[in-house]
């Protein structure tokens, strides 16, 4: 089994009456892109701040690189890069100066730093904006600068806390690709978001949380297997008789069938020939049908199933 | 790493244009206002204007001739003309006084009586004139009665100024009271460093700013990075101080005393204290940035007020009633430094004040350190 | 009333700095009404601390000391530079008189000048007063001695003679230039009103005219008119509320003397001035876009106008040129009217008129400020 970089056991954090983290357990392994998925206010940022040693917590245990994380765990901190949810840069320093400033908190050697800063600028593709001041940058560029400031020192463990909020699709793509690139270069990534497509796209393992509680952990596939639904088939059918509906309901693997507004929804729990079976039956009965869709479940379905509500609010 | 932090934070600080503009410009504006406001008080060439007065003679004016002579004497045209006399009727005099054309009138009867409308410097002069006349009269009368043979000598002695009461200086003789205002203004410049200190505090606590949070997750030690920010604050503020004092020295040509080195040193300690105050305020509790900055400006104004920024002799009043406050009020200590340098050649007050400033700064910094040292925050 | 409510939420968030300014104000007024009046005007109600170094110990030197101690606090001090400097610095002695050995005898001589020395707070009124007293006394003693009186007789007679003085009648005003506590209170209001209202109200306008918020407001269903009305109403309420608080406090603090016929005029004058302050804060809120800068502006405007307008340093001390400039400040007219109102005895139109003039001029200033602010806000709206 791979070495675990972050271990959290029974983490509890209260803000007065609000239970922000309720016995959170979590493990991040070396080399993975770990996704923390949850709606706004579910405790993702709180969890990250606890891991980083910024927040005190009421109960539980956190180990990073196998050691507890304290305010003076400088050795551990040296290996960590953080991209905060809020853009944290000096408005009075240029793009390059900002990156150099924050990189300088980690790297003493001037030459080395110069190289790293240059690489970071290229990495987030801000070459043209070197001498720009942050207030002059667009939202997407600002986010990229924010990322560059967090990762310029080539950390082994990178936290990205919703780095794509309010970012145009183009910048978002660049950011996501960049994260994968960092991962390929060997960094372990902890990524939080409430956009499931992003998480689905880049994360190898995912923790879904809500109201401070972990609801499910695993790879995408594992998560999807956790729920009953394996495949969702939608067929446009203009006319369908009751007994035909009943017949479909009785087919193997099918566990729920609905027919509304000329659309037939069939949810199957597994098996490999569900679509063929359904369509075969329909042609056999000489029911004419229009467009056919077959989808695998998404994280949204997983979330819906687990919490009973839509992920995106 | 320290210099790396210092360099960039310095850059960032001086590029914050509007803050820097006000930090540098407001002392210049106020100094100019002060200068124009009491420019004529700063230049000692204050000319005495003759006091307009009327003399009203009544029938019973017995000893009047003598007084009229005296009045004549005093209203001789020249540099030291004291009075501008006109002889009128009582009615007219009253009317003139009412209209403010004269500052008072003498009624000559059995005795000299002065009528004025209000108290003031000119009225004091008028009273002094008549008092002296009456006293001289008394003296002459007594002499005629008891030592008539000495009359000649008496008259001679009265016209001579044989007692020389010489002011000796313990330092700068030309020190002008009005310079106090400029000292207080310089103290205010120093205490304005509070803004910089406040900023350093905000950049040091993860629960107060994003930048601090980012710093907190880096391996940079908090003490080191805060110290760098703090020193930047002192540097910037001291620059503002230099600009302000340079302007007073070179442009307004105000005599602030000759010991430039000591003055600048006191300014430096003052800036240090100012920044410490801001740092301390910035590290107390969880008040919002706005509240803290309001508190900071309010406190510095409070200190400046008691050091005489608004009322020049405020410090004297405090000295008379609550002297201990002058020993701990940083603004008063800063003005004490300048003042004692300007007035006295003895440096004991100067050093005492400087040491007090250092002690205050150190205490505030230590306090801030202990408050900020908390490693993790309950909420961010 | 969303805008109105929001207005006071913002004002409330400034309560700390507001209360500190108010604190400064009360320190100012309390100190001045209890610890003697403004000594800059040449009057000193407290005794002056005089230190004497008497090397002579003659009849004359002792008599001089007695003479001074009739009116001042006199004490012996050591003839040592450092002590003197300290005593002087901490005002334990504001004037130090040094009488050399042979001082008494030198007064007997006909041609030789008697030398004495003094150290004083440079340029101070108290120093001048003691100079005068010493001068008068010594001159008189010397004159008596010259005409043949014995030393003992000379000092006794001098002391007696110096007690005689001209009778002074005060015509017209009973107040005779002495400023009442009430007048001092209202005088310092000129500083505090500008500072306080600007601290409280300017941030509101800063917020409402910030680009994004302004645009969002412009897009909203509420009309421009209603929003402006609410802002105006907020400014009015804040100003008048602040004014009322200070009026009530004045009545509480000076209940023994304040209830006179001119109180209404004091109040009229100050309510006009708070209108001016509101105008200033409105304009400042529109022109300044940054919190730190606002602090600088507040200081420059409140302190600057207070100094030039004669709040802290009496107008009589200023040069003609400066007074010409001061006339363009509302503070000048406020202070002028305040003084005139304080000196009023007879309340008829001809006496009130000069003060009313000042009040009307302030009204003009207030209108001009608001007009200017409206103009700026219009420009901002279309910008």
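By letter and in written order, the chains are A, B and C; residue numbering begins at 1 in each of them.
Here is the rule we use: contacts are C-beta pairs under 8 Å (C-beta built on N, C-alpha and C of every residue); 3 or more make two chains touch, one makes a residue touch a chain.
Given the structure is predicted, the values throughout are model-derived calculations rather than measurements.
A.B. asks: For this assembly, give the contact graph shape among line, ring, star, complete and other.
C.D. replies: It is a line, because the chains touch in a row without closing up.
A.B. asks: Most contacts: which chain pair?
C.D. replies: B-C
A.B. asks: So, what's the distance in Å between the C-alpha centres of chain C and chain A?
C.D. replies: Averaging C-alpha atoms per chain gives centres 66 Å apart.
A.B. asks: Taking the mean of the CA coordinates per chain, how far is chain B from chain C in Å?
C.D. replies: Using C-alpha averages as centres, the distance is 13 Å.
A.B. asks: What whole-number Å value describes the gap between the mean CA coordinates of chain A and chain B?
C.D. replies: Chain centres of chain A and chain B, defined by C-alpha means, are spaced 64 Å apart.
A.B. asks: Among all residues of chain B, which ones touch two or more of the remaining chains?
C.D. replies: 16
A.B. asks: Can you list every residue of chain C that touches 2 or more other chains, as numbers and ranges?
C.D. replies: In chain C, no residue touches two or more other chains.
A.B. asks: Can you list the chain A residues in contact with two or more other chains?
C.D. replies: Residues of chain A never touch two or more of the other chains.
A.B. asks: Give the list of chain A residues in touch with chain B in this complex.
C.D. replies: Within the complex, chain A contacts chain B at residues 15, 49, 52-56, 70-72, 74-75, 77-78, 80, 82, 84, 86-93, 97, 100-102, 104-106, 108, 149-150.
A.B. asks: Quick one: in the complex, what on chain B touches chain A?
C.D. replies: 1, 4-5, 8, 11-13, 15-16, 206, 209-211, 213-222, 225, 375-380
A.B. asks: Which residues of chain B touch chain C in their complex?
C.D. replies: 16, 18-19, 21-23, 25-26, 29-30, 33-34, 36-41, 94, 97-98, 111-121, 123-124, 127-128, 130-135, 138-139, 142-143, 146-147, 149-151, 153-154, 156-158, 161-170, 172-177, 195, 288, 290-291, 293-295, 297-299, 301-302, 305-306, 309-314, 316-317, 319-321, 323, 336, 339-340, 343-344, 346, 348-349
A.B. asks: Along chain C, where are the residues that touch chain B in the complex?
C.D. replies: On the chain C side, the touching residues are 13-14, 16-17, 19-21, 23-24, 27-28, 31-32, 35-36, 38-43, 46, 81-82, 84-86, 88-91, 98, 107, 110, 112-120, 122-124, 131-132, 134-136, 138-140, 142-149, 157, 161-162, 164-173, 175-178, 191, 199, 289-293, 295-297, 299-300, 303-304, 306-308, 311-313, 316-319, 321-322, 325, 343.
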